[in-house]
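Shared between the two complexes below is subunit A, which has subunit B as its partner in the first and subunit C in the second.
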Partner chain A sequence: MSFFAILRSIYEGFGITAAVATLGLFFAIPFAVIAGVLQHFATGPLRWIVTAIIEFWRSSSVIVLLYAFYYTLPAFGIFLSGITVGAMVLGFNIGGYGSQSVRAALQSLNKGQREAGLALGLSRFDVLRLIELPQAITAMFPTFINQAIQLIKGTTLVSLIALTDMTFRAKQISELGYNPVGIYSALALSYLILCYPVTIFGRKVERRFATRKAR
Partner chain B sequence: MNFNFSFAIEIVPRVLEGIGNTVMIAIISFIGAAALGLFWELLRRSHATIRPVIQFVIDAIRSTPALVQIYFLFFVLPYYGLTLPALLVGSFGLSFYYSGYMSEVFKAGIDAVPAGQSEAAQSLGLSWADMIRFVILPQMLRNVAAPLGAYSISILKSTPLLAVISVPELLGSALDVASDTYRYAEPMFDVGVLFLAMSLVAVAGITQLERRLGLTAPSH
Partner chain C sequence: MAVQMNSSSDNAAVTMEQLCKWYGSFQVLHNVDLSVAVGERIVVCGPSGSGKSTLVRCINQLETHEKGRLIVNGVELYKGMRGLAELRRDVGMVFQQFNLFPHLTVLDNCTLALVRARKLPRDQAEEIAMENLKKVRIPEQAHKFPTQLSGGQQQRVAIARALCMKPKLMLFDEPTSALDPEMIKEVLDVMTELARDGMTMICVTHEMGFAREVADRIIFMDSGRIIEQAAPSKFFKNPEHPRAQQFLGQMLH
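What follows is the complex of A and B.
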């Protein structure tokens, strides 16, 4: 198999990689925003519960969570597809990290923003929705890009629960013939092609945000 | 299939057999990642012409998954006649992966040392190596302690990746129990709880350490 043929064969798994990453974002973004906002505003027992949920997803090892949910949920009578479990575990894990960025961004906003909104007669919820969140989300954009990269890289783990993503394709090809250098270089290159542009973009955005802050 | 709690508790000692390896992998990988990360950063700073090359290397490391890097080392090294124990190869893989992030930590840590320090060192006639060693590094260590602590926990949480190259760490021994007993739910549940407990203990320990050293996380 030529290097190009291997590369093309690995990209047959791109659909699964993309599906898990995209679905993962659908879990991660709402979780990050809701948990971050709740942790910022809640007091007392609700705050403990939110913190416990965030810490569970953030402090566990993703690969262990993936195995644990994939194999343990059916024992409790919950049957989910591999893609759902993969996207959920990866998404909530990244979302747990994201929630801390949301909370930090909300905390670092000038409180004059809130006071001005309230003085204009907006409800507390409208102040959050129209004034605080848009600013917080803009401020955390560089972090968001970095976490999106983590999510894309994290999708490799679903190959371990037998989903045919790019990594799983590479393992399948490696059973056809002994060519470790070709296959694993192609695999690394496949992810590099996906993530390198995002890494560079993230660096640019970060730099622009840093200079804007300095001004 | 039902979840059997007494079985889950019964197998805990067998799962725990892997904990020594888990801790060892975490320590080797942390030291390796910090050393290699510092190496990348010093190389990146050393000369303007190699700077873009090192920058590309760092970005490439950060743009490929840890699992892929581990597979690469594990399958490609033997092809060139270098056969090492899987535990060592996996630890090198994690060191390599995290060195990309560590280099950024060191970059920020060095950037935070005031420019007057290196200017003073140069005007005193110190060589580049002496300036790094006696002036910059000692001051940088304080800046990087907190983020390095955070990455040590990330590394601990990444150690189960080595189970895929059949290293008998925590997840590996749980998978062994699973294939012996044909029951996956309980061993996986155990290893999940164990890792959560370990990482919470590690977080608490590192927070304590930072407080004792009088460190606070630098603002990002």
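What follows is the complex of A and C.
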């Protein structure tokens, strides 16, 4: 099998990889923002609950969670597709990390920003929504891109719950004949091709943030 | 809801009665009594740590008091009250560090609260914003971002932003202390003009020239107490309290 043929064969798993990664972001981003904001503001029992949820997703092994949700949920009568389980587990795991970036970014904002908003008569929620979060998200954007890339690479794990993603395809090909160098370098290249545009996108957006400030 | 007060002094913008505040076990304000009439211009001065900023920040409840009464624009304020955001719209505040919103243009800094809090349509908000940017002589910078402006320009934008809300009362918390010397004048000029227009103003400042020219009354604070208050002519010529004499001695040399 030629290198190009291997690549083409791996590419058949691209759809699944992309679907899990994209859907994963839909779990990760809201989770990161909501959990980060709640952890920043909550006090007492609510804060413990939020922290416990974040730690559950952040500090558990993704493989263990994948198996746990994929194989044990049906026992409770909950049937989720492999793509949904994969996206949810990876998304919440990355979202758990992301929540800490959100919280850190909110904490590092000058308190004068909040005070100025309140002094103008905006509600606390509007101050968060219109003044604090936009600045926090700009500040954490490089970290966010990092985490998005982690998420894409993390999708390799869904091959373990029998999803035919790019990694699963590579393993199938590897059973056809002995060519680990060709197959796994093609697989590595495939992920690079997928992740690098995200990096470029991140740099572009960052540059836009920068010109807005220093023009 | 906030209780409307029927205070005896109907034309008082701010009334404080025996106001006390603590930071932990440290008392920053000791039984402060103060009444500011509508249209009055007050300059608050005193050594650092004397409670000047805290006093001013209580007026829009960025700091809450623990004892005593505080009535602003006819409404008594207390910790945890409802409707505070609405009341704050009538009290403009200018900070030492400007605190402009760096992610918004100068124009959007000015329109934000008009659109989101006062619920004005955008074009009307922009009209008001441009009017006030003209007043502080900086309309040509409307579409720039704050970090592209000098400190003096930023502070003038901050004043315009506060004025957009048409406040009944303006608070200034050391508005020129973070500025390079050559930018102080442009900010003080704007403040002087504002005073001439009849704005009720409470200014914490060390600019004694401004105080002399503009203030109706000087409040001198030390260790959380108002220890002297007088018209500038009297305060600068013969202050009564030894602490004020010492303070002025150091200021003027």
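One rule holds in what follows: the second predicted complex is superposed on the first by the 195 of 215 C-alpha atoms of A that agree within 3 Å, B and C clash if a C-alpha of one lies under 4 Å from a C-alpha of the other, contacts with A are read in each partner's own complex, and residues count from 1 in each chain.
Basically, contacts are C-beta pairs under 8 Å (C-beta built on N, C-alpha and C of every residue); 3 or more make two chains touch, one makes a residue touch a chain.
What you see is a predicted model; the values in this text were computed from it and never measured.
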Using the superposition on subunit A, tell me whether subunit B and subunit C clash or fit. fit
Classify the contacts of A:176 with the two partner chains as first (subunit B alone), second (subunit C alone), both, or neither. neither
By residue count, is subunit A touched more by subunit B or by subunit C? B
Kindly classify A:210 by the partners it touches after superposition: subunit B alone (first), subunit C alone (second), both, or neither? neither
Report for A:113: first if it touches subunit B alone, second if subunit C alone, otherwise both or neither. second
Based on the superposed arrangement, let me know which partner A:78 touches: subunit B (first), subunit C (second), both, or neither? neither
Mind working out whether A:130 is in touch with subunit B, subunit C, both or neither, as first, second, both or neither? second
Between subunit B and subunit C, as viewed from the CA centre of subunit A after superposition, lies an angle in degrees, nearest 10, of 110
Identify the partner contact of A:5: answer first if only subunit B is touched, second if only subunit C is, both if each is, neither if none is. neither
CA minimum distance (subunit B, subunit C), superposed complexes, angstrom: 22
Touching residues of subunit A toward subunit C in the complex: what are they? 110, 112-113, 115-123, 126, 130-131, 134-135, 138, 212-215
How about subunit C: which of its residues touch subunit A in the complex? 60, 62, 85-93, 95, 97, 99-103, 112-113, 116-117, 144-145, 147-148, 158, 161-162, 165
Note: in the complex, subunit A contacts subunit B through residues 55-56, 59-65, 67-68, 70-72, 74-76, 149, 153-157, 159-160, 167, 170, 174, 180-181, 183-185, 187-188, 191-192, 194-196, 198-200, 203
The subunit B residues in contact with subunit A across the complex are 1-3, 59-60, 62-69, 71-72, 75-76, 78-79, 156-161, 163-164, 171, 178, 184-186, 188-189, 191-192, 195-196, 199-200, 203
